[in-house]
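After this come two complexes, each holding chain A, first together with chain B and then together with chain C.
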Partner chain A sequence: MKIDKLNKKYLTRAHTVLGLIAIFLFYISTYFGTITIFKPYIQAWELPSTHFSSDAEFEQIIDLKLYQIVRENKLNVKNIEIELPSFKDERLKISSQNQNSVYLNPYTKEILDLNNEYPTISTLFNKLHTGANIPYIGLTLMGVASSIMLFLMISGLILYLVKSKKTNENHNKNFRFKWHKNFGIILTPYVIIFALTGAFLGLMLSTSSVYALSNTNFEKQSIRALVGPIIFKQKALLEDKNKRVKPLQLSKLEEIAQKNYPELKIRKINIYNYRLENSQTVFSGYLKNNRALSSSRINPLSITLDSKTGEVLEKKELEDTHMIKKTLSTFYWLHFQTDEPLLIRIIFFILGIVMLICLLFGYLLWAEKKLSSDYGYYEILNRFSIALLLGIIPASAILMILHWLIPFSMFDRIIWIEGLFYVSWSFYLFYSFKETSIKKIFKMIFLSSSILFMLTFLLHEIHTDILLFELFSSNLTKQFVIDLLLIILACLFYFLYKRVESFSYLEKFERRSDV
Partner chain B sequence: MFKKTKSFLHETKSKVGLVHGFTACIGAVILSYLSTLLLSIFLEGDYAVKIIPSMITAPILMSIWGIWILFSKTRYIALKKTFFSSSFLLICLYFSINGF
Partner chain C sequence: MFNIKKILLLLFFISTSLIGHKIPGMTLTSKLIDENKIEIKGFNKRSQKLLDGNKIKLFSQVNNRVLFEGYLNKGFLETKIPKEPYMIFMYVGEQDVVIEGLAPKSGYEGIYASKTNRAFKYTLGLSLLFVFTTIFLISKNLLKQRKAKL
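Showing the complex of A and B:
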């Protein structure tokens, strides 16, 4: 591929400048996004009510308990929703519109005492990932950063394909340039998935009213009102009946549903007009052989049965669903890995780490070049970057510690945790400017990360009163994996702390005596 | 003053300056929105078919339009590309909404 020399210069400059604008936001988004890939694991770890053994075979269907729960909690019988235990949440959830949900241990069928518990860590990590922590403009800002990432990907690809022997020879010696380039190429599909969905959800949805206005001759400006009824059509509630009848056992109904729709993996059961004459039971979920197109959040497929007779009333197959719904479902599945087990999450996690390294190398390439320029200004930016890109690691460990330290019943608990998280992050920013030696800053960040991760692990053990080996022997795999990971991270950061002195590369960024 | 502005706009620089860069960014956003709005009007089907694909393609088009404007030797060419293309798309959009 050949482009004009001047155009190549323009493109390189635009790639650098826009990269610097987007790197900080996109780094934060990628960092927290990479962690939230393991959201089901983190949620299981942070919610004590999910600490139950799952080694016994459980019977999903809960007829007797359901009747009792509906009566005791006065659930609205028009539509009772039962979310079956899954990889995402191992608890069994029963709810109805505008009423509190009831959670059950699916193995013992006992009602779980939530005791004000709330998934603080995963919620805050997710907020930081989407930019929702910045009021009003956060989501749009992340959308803009994602659009810039798409530009960086396309411009990077063009620059990669432009053959210039001279530059290749010069740059091949630079390890960071070589791997920034190679990682960039490897990550192209990853960037397309995540930056495109990020741009769509962040930027395009917040500016979607222009599309609504232009398509309705300036009559409607809400895209939800136009598109919602087409792709998110809800099943209408059934008309009221007074006559009460005893429905078939849920286990029997589930058997009929599976017999008529064997490829459907049931995730949710909706009972309309529970125990009334015209009651219907809808079993919905995803296709075992096509998870992407039938992701359970966007495009769930279903089978509707008459609760009294078990007769199949409706069967919604993949062919019957809207084309756009299938497209969005694929997007959603690729971004959130809905219903996916561990393996795919590990692959995306590794790609996320590679992305973070690629972004870091990109920044370092620019920072190295500017060492000989206006030192004072770039010195400030370098220290700011250390606090932002590395300081986020111990700050997120502090957030996890606060989750266990601050009582669940405390008023405005989330605000306290979120506020203290920002305070700790600011502390690393302050320390980066206060401390003269770059090596000392790295040492402090690594050592504090090591201590904080170890403390997080210990606090979890103390709070839940279960030791690590007990977690393993009680088959609490998710909680065990997270605790083990925390120990590994603590050891890794301690190792890095011990090795900082030998990082000769950092010396060139040390503060000069003439500044 | 006119001469000064004219020479400023026609000057070829080795670096992307503020005017050039700003034109590329703003131009890319305007052109991508206008072209996808036009696409949404031309696509046949319900509102979901018309709007969602246009919204998905907009961020990609933003980069492509941006690179196209960026590849201008002078600021004048960059401004000309942005102005004429957006005018053309605006006229097309006006007629496709209101009819001829």
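Showing the complex of A and C:
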């Protein structure tokens, strides 16, 4: 591929400048996004009520208990929702719209005592990932950053393909430049998937009100209110009936549903007018052979049965759903990996880490070049980057520690946790400017991360009162693996802490006495 | 002039997305109906539709004890005011609604400090302290460097 020399220069410049603008936001988004890929598993780890052994066989349906639960919790019989246990949440959830939820252990059928527990870690990580922590403009900002990322990917690709005439340039031949380029190429599909869908979610959805306003003569602001009734049409509630009728057993109904719709993987059961004359039962979920188009989050497919006779009333198939819904479903599936099992998540997790390293190398390439010019300003930016890009690791460990330290019963718990997370993050900012030696800052960050990850692991064990190998022997695999990972992380950071001294590369960035 | 136009356009986009993103959800209000009785009302903010059957809990602000538990009946629930500051929780699916409870007309017996915005104030104060100290350190350094150059 050939390109004008001047154009190439401009392209390189644009790549650098836009990269510098986007790197901080996109790094944070990637960091927390990479962790939230494992959201279902983190939730299992952070909620003590999900710590039950799962080795017993279970029949999923809980007929006998259902009636009792509905009565005791005053659930609205118009629409009772049963969420079946899956890898996302091993508990069985019974709720009615806008009302209380009851969680059951699906193996023993006992009602779980939640004690005000709340998935703080995954909620806050997700919030930081989307930028929702910055009020009003956060989501849009993240969307802009993802759009810039797409430009960086395309311009990087062009620059990679352009053959450099001066092949013996020395300063461009270093390790970081080589791997920034190579990682960039490897990551192209990854960036297309996540930055494209992320830009759509962040930028288009958050500015959609402009289109809504212009199409309704400034009457409606929310595009969701306009298109929702068409795309996400909800099943209307059934009319009231007084006559009570005993329905068929749920397990029997499920059998009929599965027989009539064998490709459907049932995730949810909705019972309308429970135990009344005209009761209907809806089984919904995703298609086993087409998870992308029918993801259970956006485009669930369903089969409706008469609860009394088991007769099939309605069968919603993929062909019946709206085109836009299918597209949206694909977008959401690509970004959230809905219903996908562990293997794909691990692959994307590794790619996420590669992405972080690629971004870091990109920043370092720029920072190295600027070392020889006006020093004061660039030093500020370097230290700021250390605090932001590396300080985020111990700060997120502190968030996890606080989740276990602050009692679940405290009403303003989540504000404390989020607030103290920012306090610790700004402390690292403060420390990286207070400490003169860059090496010492690195040492402090690595050592504190190591200690904090170890503490996170210990606090989890103490709080739930199960020790590491007991977790393993009682089949709590998810919790065991996460605890093990925390120990490994702690060791890794301790190792890095020991190695900082011999890392001569950092000396370039030290504050010089001659200026 | 061009720049001002640009900025205005940007502000317009930001403000519209701001309006578009307020999703009115479920809310909770309480009002005094007697010396020491309150009426709690739960409803959908947009459609003003009353909630029914949702669980309500009163928590003590002093030690997070559960003071009272009950269910909304056709949107309303009457209860006695506890003897200490409290919060009202309403359970709505995944997102719970929480507000600070009203004090009785004659006030509480004993002195209690309000804890409503405490967490926010303390953590914001601490983070700002660190950020401002950092800015102070930066400017000090810059001044030193400039002096050295001169």
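In this section, the second predicted complex is superposed on the first by the 496 of 515 C-alpha atoms of A that agree within 3 Å, B and C clash if a C-alpha of one lies under 4 Å from a C-alpha of the other, contacts with A are read in each partner's own complex, and residues count from 1 in each chain.
Quick note on the criterion: a contact is a pair of C-beta atoms (placed from the backbone, for glycine too) under 8 Å apart; a residue touches a chain by one contact, two chains touch by 3 or more.
A quick note: this is a predicted structure, and the numbers were derived from the prediction, not measured.
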With the two structures overlaid on chain A, would chain B and chain C clash, or do they fit side by side?
fit
In the overlaid three-chain picture, which partner chain does A:Met204 touch, first (chain B) or second (chain C), both, or neither?
first
In the superposed arrangement, which partner chain does A:Lys243 touch: chain B (first), chain C (second), both, or neither?
neither
What is the contact status of A:Pro407 with respect to chain B (first) and chain C (second): first, second, both, or neither?
second
A:Ala212 in the overlay: touching chain B, chain C, both, or neither? Say first, second, both or neither.
both
Answer with first, second, both or neither: which of chain B and chain C does A:Phe433 touch in the superposed model?
second
Touch test for A:Val423: chain B only (first), chain C only (second), both, or neither?
second
Touch test for A:Ser147: chain B only (first), chain C only (second), both, or neither?
first
Which holds for A:Lys2: it touches chain B only (first), chain C only (second), both, or neither?
neither
Touch test for A:Tyr136: chain B only (first), chain C only (second), both, or neither?
second
Vertex at chain A, arms to chain B and chain C: angle between C-alpha centres to the nearest 10°?
90
Overlaying both structures gives a minimum C-alpha distance between chain B and chain C, in Å, of 8
Which chain A residues are contacted by chain C in one complex and by chain B in the other?
207-208, 210, 212, 223
So in the complex, which bits of chain A are touching chain C?
73-76, 95-101, 136-137, 139-140, 206-210, 212-213, 221-224, 375-376, 380, 407, 409-412, 415-416, 418-420, 422-423, 425-427, 429-430, 433-434, 515
Chain A partner, complex, touching residues on chain C are 13-14, 16-21, 23, 26, 44, 51-55, 59, 61, 64, 71, 87, 89, 91-94, 98, 115-116, 118-120, 122-124, 126-128, 130-131, 133-134, 137-138, 141-142, 145, 148-149
How about chain B: which of its residues touch chain A in the complex?
12, 14-16, 20-21, 24, 33, 36-37, 40-41, 46-56, 58-60, 62-64, 66-67, 70-71, 73, 93, 97
For the complex, give me every residue of chain A touching chain B.
3-4, 6-7, 9-11, 13-14, 17, 146-147, 150-151, 153-155, 158, 195-196, 199-200, 203-205, 207-208, 210-212, 214-215, 217, 223, 226-227, 230-231, 322-325, 327-328, 331
